[in-house]
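Just passing along the structure, written as structure tokens.
Letters are used for the chains, namely A, B, C, D, E, F, G and H, taken in the order the chains are written, and counting of residues starts over at 1 for each.
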């Protein structure tokens, strides 16, 4: 289903529809995350995908219009790149431990510690929160900063209306819309 | 002010239902509800429309009826869909509703939409525009049951 | 004052002089006085270093260490002292000369007009200041080359010299000057980076050091085909030695003002090149090592070919300065040849040729410059009969030419003699023939000028109107040569003769280098 | 969109619940999925909803853009500040053990403070970003 | 039995997905999005029971609340072409 | 007490300053804060380097959690070195930005600009200092996001498209890195670098690790703009505001190169990189093609900023070339060139910034005769350019020296590599000299009012220029540090 | 006994809910235009969700879980008609003509371009 | 390639397929917004890859069941999925939305400056501008 959504995204040229499908994609992936026990992730994906992302996309579309041109040339090169990348990944997964196997190294080294020690060390039942905010709290701080950086970036780009014209001469086209 | 308190109470009730029960969370609950209520009050959205406490009693009767209506129309629509030949005859109907307040219209419009087979597509003043999957779904008169019941609901609370 | 302090001063004095020049850039007299004083001071310093070295002292000094194990170090050894002595002495003379020359040199008319309308003479002064400034820097770089204590230092100052002379070459900023600047920088830089630097790093990779040492640092460490290849990289990489096919920059650089051509492109820059070749052969490879491996035989013939070909080209050139430039190309390869002979006599001959050719060639250039500013003539064919108007100039030219050809009673005779002997000792009879032939050629193309000057007849009157003020001597376009310039010409011409009579200091230095 | 009865009333009714729910998600992050980030997003979404219905101006009267921007920066300061406090208390950066005698309590406090920082930043950022996108269309004279 | 329900939900999601893919109008896709949203809410609820950890319904709750915002944004986008407008007259010029 | 917290302060200080910049709202105050912050960052970086040189690896466990459990900051000589590079450039460019930015960015946006700038600095320092692979990704994104915004601040509208392209390619790179990290994680169960280095040898044979290697490599190469993946760089540098270009060009790609070294040599280890994966054989041709083709392209550019941007791609080729030698000397060259290239590109772009400040363009035709009008600026450009070419007595020479030495040490066909390096220096001379010639050997024809750039721009520019000269003359110390770092890298992190 | 009863009840409710969901989904595929499909979708939203959640409530008994289920249900029932209404309105303003048996436009005409906003004034 | 391999890895492959679809959209489409959508899909799929790494068959979400202050006897026999990938992906999602918002802001600005969102049209405009200069 996700694949179908993805392919549809590829084909459809009405950006509005694309955004809708992207929303569906996000919804479905959130469902998948739930299936795979990642409730926190699903929650986040839900909040982001359904709440903010769609709204932002629509806002951007409102400013930028929603029609996409037909791709002009046969995209052979991208296809090649994608096929190679995909093949490499598949090749790489060959030696990966099987899906869901509890003996995988992933589940032992550090994860064991989190699951076994966090009740004593931190004492909250949601291990994800414990790891997020304490064991790897610094990552989360980085994450907060990333979000902040995004805000700074968007403010730099969009605040204050139309920019003053630079000396180097900017062309028309900007005059048309604000 | 009264309404604010009521809203606060409702929110806090929901909070109690949701959250763990401990001192800490009670404190959090108080904070949470206060923040929510404060923001809503600032927005000016705590009023008769958003907090129809006056309809409480009336709705006790209305909701079960509505559920029943929903069930009935669900079955009707299911029949249409499952029929080997699609027998749809969609149309859009305009009619006047007899509700006096926006709240009443809101309830009526939502009730119409909630019952499958009919969708409110527009309200201008008291002019309702409803799309129905088959013509017969709509009883587009001021005297139809739902209209009357909503009006009664609205009217009871004054 | 210790000798090593003197080394430092030999760099610092010209640099400080440059700073003073910069400060005094709007006051011509003070500026030029500063130049002269600096030049004199430098010569004194070098003289004192010479005195120290001639008694066997080897003052040394480490300036900095850019790369661990490879410092920028100065060391005075005889060959370097010889070079420094020549360069610093000639700087005094050239400064004198250029004071006259730069003031007397008429600007290109279009620029003069523009400046007149604007009422600006400042710009010209500024450019003259720039001239002296970079000149001083270039001399500092030359001193660095001369006293380099290791190959790396040599390379550093070699590059600095290239860069500081670039503004001098493009002094006029005309399209021709820009083009010449491109060739100049392009050839010198490309050869030095692509071949020379490669050779240096390679040497370091093999020997683990770059210090100049008696007997060479590579001897015994390198073997096989590496040696001739490496030597070839050095010889071609030192583009300033102007071994064909990398000689194009030298004629191109002739667009520079004549003092620049005189000092730098007849003495300092090109001599830095051949000097470096000598240094490399003597102190990096070691002449015995080269002789033993026979690595230099093919390069001897390259040098020989350059000698002959450049002479032939010189024949065809009508422009006086360009002809002199090709003559220089040819003469430089004498030194290279001397180095490649890899025996005592060859090295002594090469080293002495650095000095002898310097004095001879600078005289010629001085004369050419005087001719240019006095008559505005640049082509050989225009000079007929001028000798009678400018007897001193053409007389000096004659003496200089004799020195270049290698005829007594001038210093050039000695170096040619040693080179010839060296060739014989190396068993290369063919090279002796080459030397003879090239001397003959140079005799012809150089002697044509004074002979035409004295005995030729001007074909027609100069086309310019009488200038008015300075024409009491002769009609038309003639300006009296500046006195400062004439003094310089006489000095160098006399020196050529003196060096024939008294070549002792240079000979002694060279035997210290090459062994008895 | 004030004139759309259905949407307006619906939004009015739902907004308090959304806000409350957002904060619930935040405070309850220790026990169930959720936390500062999700809460921030939902909270911002609530304001987005209000802005959609009542227009940007009306919302900005309640929640001015400068306030949102300040929130965005403040959250980062709170988060990083907790780290600085622990450093000042002699522990390593973000070593919440410093915040109370009992390290477990310290962890609790630390996590709460930090989550608050995340909430504030995410809320501020999302609102700011939304304001900017939505406001750009009407800004033109 | 939860499994059966899950399958039924998945099938109906797939059908809705078909609608999303087929279009033909953008509104069909919005409808599909909306529908899939509701189904996801229910699905998450059911999955909670299926896994024996039914206490993660907050997620469903969040969805129920937020999905709605997206649709409102769509309406606003279509009707006004600008998400920030206060009332219709703000965008009267187009 | 503060001394032991230096590693974290290094990153947190600019991070804290960034929101404060926004609160200040006053351009001057924000600028002053940024300057102060960047200088303290430099101080911290220097003292870290000193500490590491004297006591060895410094490890800082964030949140009191011992390394594989929590996130670790791990400073060894290599990243202390890179920290110093980044902090130095930051400390020099920030004061420069104060004047430069005023003329190129809206006054209203200036505090935001500094916030983004500081965030970018934070990100770069964070990437460098951390000992946790996922943390790398997080800070990578901090720096990238702010960089996108900063680049888009350029005056011409092409800055926008340049930033967008950078965003797309940068995000792809970051995503590839995430994939790579994920694959590594799945094989070992840890994210800590030292831990990974210890655990990886057990699973070297698996195809997953090899693919992870590939993805990390490609992702990093996208970020550092190695030749076929460099498409975002020229325009991004050409159209960004001058101060941003100066900062980014001298730090961003350097940090990416550092990460590449860290990943390939410290984590995977040189045995795996060179003997199993044949990294040297893959990188060598790419680096050579990058050097030659980009130098060629640079020769034909008419926009000087873009010219230098292409030259940057070529210079990155030199760094990668040093890596592909797989020897201590080669790595020393790489690490030195990290520093040296930062110095020279910083100086060059800052000089161009001065030109932009006065005449608003760096088109080569606009720079005619500028040597007279802006003597100090153009002199800075000349020295920087000579350094780029690799003339002795400048830093550029030192790194080139090691590069050639590294090639010659390997002998045989590597001679050719050395020759290519040398020939491309000549190409560098050509493109630098085009500008010099135009600026000095032609007469000025522009606006008579054009004069020398203000001191506030010249002083930082010349600070870097003089550093170029100083470290070109006295490179013993930095060479020693670089060699020490190279040896540390070759030994690997685990043992 | 009680347990079994509850089980059966849950089964029934879940199956009924699934039925409505499936039917609605089928309708979404079969029905001719977006408006008619809305009706089908509405089925899932109302009865489908309602019955299933109710079934889960029965299974969960009186607990925090049930509270949440009820809340979810309440929100779904509350938001779904609003969303549907919004969508219908958007579709109409966006210029989609409702499908009719006769093929003529029974409702109002096509009056605006999408996203343009010039619909009838309130 | 045995059946075992397929059974235990098929979901990775599905995820990889999705990833590649996103990647393809990202690099082949000329429309800037579409590119961002592609980036989103690409990233989301990578998240799925991570999450599937963390899944343990029969595991439950890593939210501990027993009271943390209790004796903890339940910890032993309940199998929890690995929380670490979840944490990482939470961070990555946030990063993703941050990137998206900046990308959209850029796209909006590009639209304003060029009047189009198509890469080839932008290139054309730029080529014209350059020619005019």
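A few comments on the model shown:
Basically, a contact is a pair of C-beta atoms (placed from the backbone, for glycine too) under 8 Å apart; a residue touches a chain by one contact, two chains touch by 3 or more.
From a predicted model like this one, the values you see are computed outputs, not experimental measurements.
When the partners of chain E are compared with those of chain F, the chains appearing in both lists are A, D, H. Relative to chain A, the chain whose mean Cα position lies farthest away is C. Averaged Cα coordinates give chain E a centre that lies 10 Å from the centre of chain G. A straight line joining the Cα centres of chain B and chain F is 61 Å long. Here the CA centre of chain C is 44 Å from the CA centre of chain F. Spacing of chain F relative to chain G, judged by their CA centroids, is 56 angstrom.
The multi-chain contact residues of chain B, meaning those touching 2 or more other chains, are 14, 18, 109-110, 120.
The multi-chain contact residues of chain E, meaning those touching 2 or more other chains, are 13-14, 26, 30, 32, 51, 55-56, 58-59, 61-62, 65-69, 72-77, 79-84, 88, 91. Taken residue by residue, chain F touches two or more other chains at 15, 18-19, 22, 62-63, 115, 134, 138, 141, 145, 148-149, 152, 157, 179, 185-186, 191, whereas all remaining positions touch fewer.
For chain H in complex with chain E, the touching residues are 60-61, 63. The part of chain D that touches chain F in the complex is made up of residues 69-70, 72-74, 76-77, 80-81, 83-84, 87, 90-97. Against chain D, the residues of chain B that register as touching in their complex are 7, 11, 14-15, 18-20, 25, 28, 31-33, 35-37, 39-40, 42-43, 45-47, 49-51, 102-103, 105-106, 109-110, 120, 123. Those residues of chain C that touch chain F in the shared complex are 64-68, 72, 152, 155-156, 159-160, 163, 167, 170, 173, 177-178, 181-182, 185-186, 189-190, 193-194, 197-198, 201-202, 204-205. Residues 4-6, 8-13, 15-17, 19-20, 23-24, 27-28, 31, 50, 54, 58-59, 62-63 of chain D are the ones touching chain B in the complex.
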